[in-house]
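Labels run A, B, C and D following the written order; every chain starts at residue 1.
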Amino acid sequence: MSNRRTFIKQASATGALSVLPFTQLFSDSPKTKIMNNPTHWADGSRLVVSVSMQFEAGGQPDNAESPFPQNMQQGFRDLPAATWYQYGYKEGIPRMLDNWDKLGIKVTSHMVGTAVLNHPELAKEIVRRGHEAAAHGMNWSSQYNLSYEEEKKFIKDGADAVKQVTGVMPVGYNANWLRRGENTLKILQELGFIYHIDDLSRDEPFVIQVNRKDFAVVPYTLRCNDILLIEGKNFSAGQFVEQVKMEFDQLYLESAQRRRQMSISFHDRIGGTPQMVKAAHDIIRYIQDHKGVSFKRKDDIAKMILQDKTAVRE
Amino acid sequence: MSNRRTFIKQASATGALSVLPFTQLFSDSPKTKIMNNPTHWADGSRLVVSVSMQFEAGGQPDNAESPFPQNMQQGFRDLPAATWYQYGYKEGIPRMLDNWDKLGIKVTSHMVGTAVLNHPELAKEIVRRGHEAAAHGMNWSSQYNLSYEEEKKFIKDGADAVKQVTGVMPVGYNANWLRRGENTLKILQELGFIYHIDDLSRDEPFVIQVNRKDFAVVPYTLRCNDILLIEGKNFSAGQFVEQVKMEFDQLYLESAQRRRQMSISFHDRIGGTPQMVKAAHDIIRYIQDHKGVSFKRKDDIAKMILQDKTAVRE
Amino acid sequence: MSNRRTFIKQASATGALSVLPFTQLFSDSPKTKIMNNPTHWADGSRLVVSVSMQFEAGGQPDNAESPFPQNMQQGFRDLPAATWYQYGYKEGIPRMLDNWDKLGIKVTSHMVGTAVLNHPELAKEIVRRGHEAAAHGMNWSSQYNLSYEEEKKFIKDGADAVKQVTGVMPVGYNANWLRRGENTLKILQELGFIYHIDDLSRDEPFVIQVNRKDFAVVPYTLRCNDILLIEGKNFSAGQFVEQVKMEFDQLYLESAQRRRQMSISFHDRIGGTPQMVKAAHDIIRYIQDHKGVSFKRKDDIAKMILQDKTAVRE
Amino acid sequence: MSNRRTFIKQASATGALSVLPFTQLFSDSPKTKIMNNPTHWADGSRLVVSVSMQFEAGGQPDNAESPFPQNMQQGFRDLPAATWYQYGYKEGIPRMLDNWDKLGIKVTSHMVGTAVLNHPELAKEIVRRGHEAAAHGMNWSSQYNLSYEEEKKFIKDGADAVKQVTGVMPVGYNANWLRRGENTLKILQELGFIYHIDDLSRDEPFVIQVNRKDFAVVPYTLRCNDILLIEGKNFSAGQFVEQVKMEFDQLYLESAQRRRQMSISFHDRIGGTPQMVKAAHDIIRYIQDHKGVSFKRKDDIAKMILQDKTAVRE
């Protein structure tokens, strides 16, 4: 049994392993003592949870993908699909906003530029309630295939729209379907952004070098994300609750030994339905029953990790 | 905490926000008092639930989509798929009719014209039991791509078939896969319809202007609809029960503060199976255990909202 | 409330409604009395359940569909998929046979001719254990697109293979994916078959006229069938249990008022896995806890219904 | 009832049946006595469970399949998908390693050659913790379509990479998607391998003849495998737990009467997520609560079965 515990932390050639403790993370062995109030975050949190509320509806292109069969004859508009998107701003975000208030948490809202311009009161209300206005591109479209100049304009226009409407200049970025291109991070750094989320590689934030300066990565999630699981009709709302709780249970356990961050994501027209707001409520109440957990906006996470000498650096 | 509650309702440029209360909808905070018998409906209901029972089987085209692999060699009829559809009128609707009687509720039945003509006794029986005969087109086919005149004939023929067989002229409409075209609402208004359901944008009925007159929208659902979840084999019957109950829980909570409507939909050959009738039974019994909930036909909802000065208007 | 109960049974123009009682089927109303031992079957059963065990593996063509990605380069054999099929005769059917013995039930085994010829001992053992040897075509291939003569040979060769190996001449038939052609029933009647199962239209057996003679239809199922739900990875084994129990609950309730038959289907390589045999065991034990239920082979059901004057006739 | 029990084991023409006991496997009948400590394994185990931990991430080709939509414009890299794979070596394998230590089990790790070369410290750590280093090809690519010489080099290069980095020469093999070609087993035998896993036909290991010598087959699983169920978004983590427990329950029952092996498989980037490590933990703790179960590396299983005179031989 002893050789399991004698692994010496050593820098690996790839860097990937350099910060892995490889210690036992589990608490139910009688030999393992867990601190009453362990912390691996600068502010004393044991585990940080970050919730996203994507604001996209109203900015989607005509006939954007939806739960309807994708078999429309060319040249016609998919009118019921349009009403499915309208739900996002008419019901979804207002309902989620009330839920976050009730639960007492602040979230990060990645906002598509055209969605903000089409529904400015809603964007303002998100900010008034204390949530983060982050950027999500000017339109609901790919950017990985744009030229450097095109992409820079695409990102800047979207951020400017958020600033113009809400008064807040975004510092965080999320690309359409997470699909940044080879220039995206450079552009973000040039434009004053401090973090992006289009990375699934770790369960904690980390710091990378962009244009030879520190830039934060606050990882996103597909596992605890309504768009893959619920819109795709793969999971019922109850399965979503169960799976996200299992994710939390493990990360909470690990958080006794090292820095851990959990990410949960909701989209206006999906996570804003009654069944999914009920799901989010049940998940977050469950999490809040655990000591040492704090819910944070991603800009606050980015700022904290950028100043942390113990941050993972790649 | 206080700024959460100080959002002032203001008309937004889009109109979408004009009626959103943005108040906390939740009851479990000690600071929130819920009325014992709140109502936001003219008839004193706290929450209105509307169940659909689509009558389509017997009107489908040859080789219509079914759970069978869609790989038939050209020129042959898919005979087992035809029997899958026959189930809808031989077992499904009779079973559902008995279930609604047992539960003591009235539902809305959108009827395809050819299905009604092929099975007139069943259409009559639906009406005899007190349910609403609504229109669903003359055939099981798209109408968004028809000319104005073609579409008008398509809608009128279907409604006339229902009238001829059941004695009832439909006042409500549902397009194939909800896919109305740009002219559909004008045609419906011209033909004397008072509402349609092909809209997913709100959890309450609302009033729009068609040909400069009031026209009601009684929203439909994909989330609590057997066709996407059960026919697609995405959900088991038990998952359907669990998800629809979660939908109800949240809407019931919200109904303490504002007008809310819940929609549940069943199709003859899917919702009429034993496992799904059991599911519907369990869902509706659960809902009936809550005070202030009423089950209504969609024509009754439309009439009530058209006369309500507080209705959402777009 | 009273008009619900006054529907008079009347022959409909289509015949579909002629045997529907349209009476309330439910037992939990205080006004409804259920007989202690109701029966709508000639042998006194309240509800008849029929289990299928398809014997197909070993008869499949090269590179038949399987859970493996269907992306093989042309000209190569899918060797792991072949072992997936081998599981059906090496583990699946033997395991199911022991399960049926343990549970004390007899089932119907539709057998592909080539599967029987390749694994004769297994086919013999199925019959030795008291189960029905039924026909399932000579090969694992479509028959709806064959000429009359080709199809007759296809069916006869398969039945002869079963007879030659097991000593039993099949009287029941199941087409590949249920896809019979326009001539299939005539051919079956000519060859001496007394029933087929390729019909999903009712939850009870019924009698049709083929070549002006009575022919039985013993309906099959997709809803309680491992091939759509489990092989497709749509359902876990536990979901299958839950859904089939819900199906039973409703049919058992209805069986107090009219003749009802429940069908459950398992395939060698899918229903024969440990998790699905556990599922079948739990389902059948649950069903056996209810009074008046009998498990029957489909040939016994066909014989009983063919002699029943009260049978549904189409 | 007695004829059920009188089936005489007899060699079948195919050999497939020659070792099937066809005895009742079940313990809950009062007439069946189960030994307190039955064993059908040379080392006294009642049931052997083998866990796989595939080490593939870091070795995948550009734009390898992932949960992201497979709709990238040609000529661009799928950057977020790359981070999804990075998760496998940054979080997944380290987390699983700690879980195996906590649970006190040793597993088999099939390692892609390029993954090992790119992350040598991780490969070494797997071996340091006592797990088996097995081979999985030089690259993440098909081998069934290679010539004999190409395939031999492909297998040998992969094995040499493992040996060079970890000091251990693999004796077990797993082909990409289990898709071996017609020459694979001959090549493996020539290179000194003693077993492969690309076979799903039995729930126990067996011995085949390759180049006229004994070669072991240690069957793999799709049913208890994270890649089909979890990556495909078919199952939630909780459904995975439930289904694998059902699989175990049945195999444990059968293990009272004959040799049974259970296989469970996890992949770095899927099984290494928090929710799935929680799932694996719950599954294995459940299994460990049963007497007579041992967890074994596949090389140990292969060695044991190769020396067992009672092994199934094909």
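Everything below uses one rule, namely that a contact is a pair of C-beta atoms (placed from the backbone, for glycine too) under 8 Å apart; a residue touches a chain by one contact, two chains touch by 3 or more.
Note that the structure is predicted; figures quoted are calculated from it, not measured.
Touch-path distance (fewest steps) from chain A to chain D is 1. With angles rounded to a multiple of 5, the C-alpha fit of chain B against chain C returns 90 degrees of rotation. Different-residue interface: chain A and chain B share under half of the residue numbers found at their contact. Among the other chains, the CA centroid farthest from that of chain D is the one of B. As a whole-number value, the distance joining the C-alpha centres of chain C and chain D reads 34 Å. The centroid of the Cα atoms in chain A and the matching centroid in chain C are 49 Å apart. Within chain D, contacts with two or more other chains are made by residues 234, 239.
Taken as a graph of touching chains, this assembly forms a single closed ring in which every chain touches exactly two others. Chain pairs recorded as touching, per the definition above, are A-B, A-D, B-C, C-D. Remark: chain A residues 1, 3-4, 7, 10, 12-14, 16-17, 20, 22-26, 29, 142, 144-145, 177-182, 198-203, 222-223, 228-229, 232, 234-235, 239-240, 242-244, 246-251, 254 touch chain D in the complex.
Across the interface of their complex, chain D is touched by residues 67-69, 72-73, 76-80, 83-84, 86-87, 89-91, 94-95, 97-99, 101-102, 104, 118-122, 125, 128-130, 233-234, 236-239, 273-275, 277-279, 281 of chain C.
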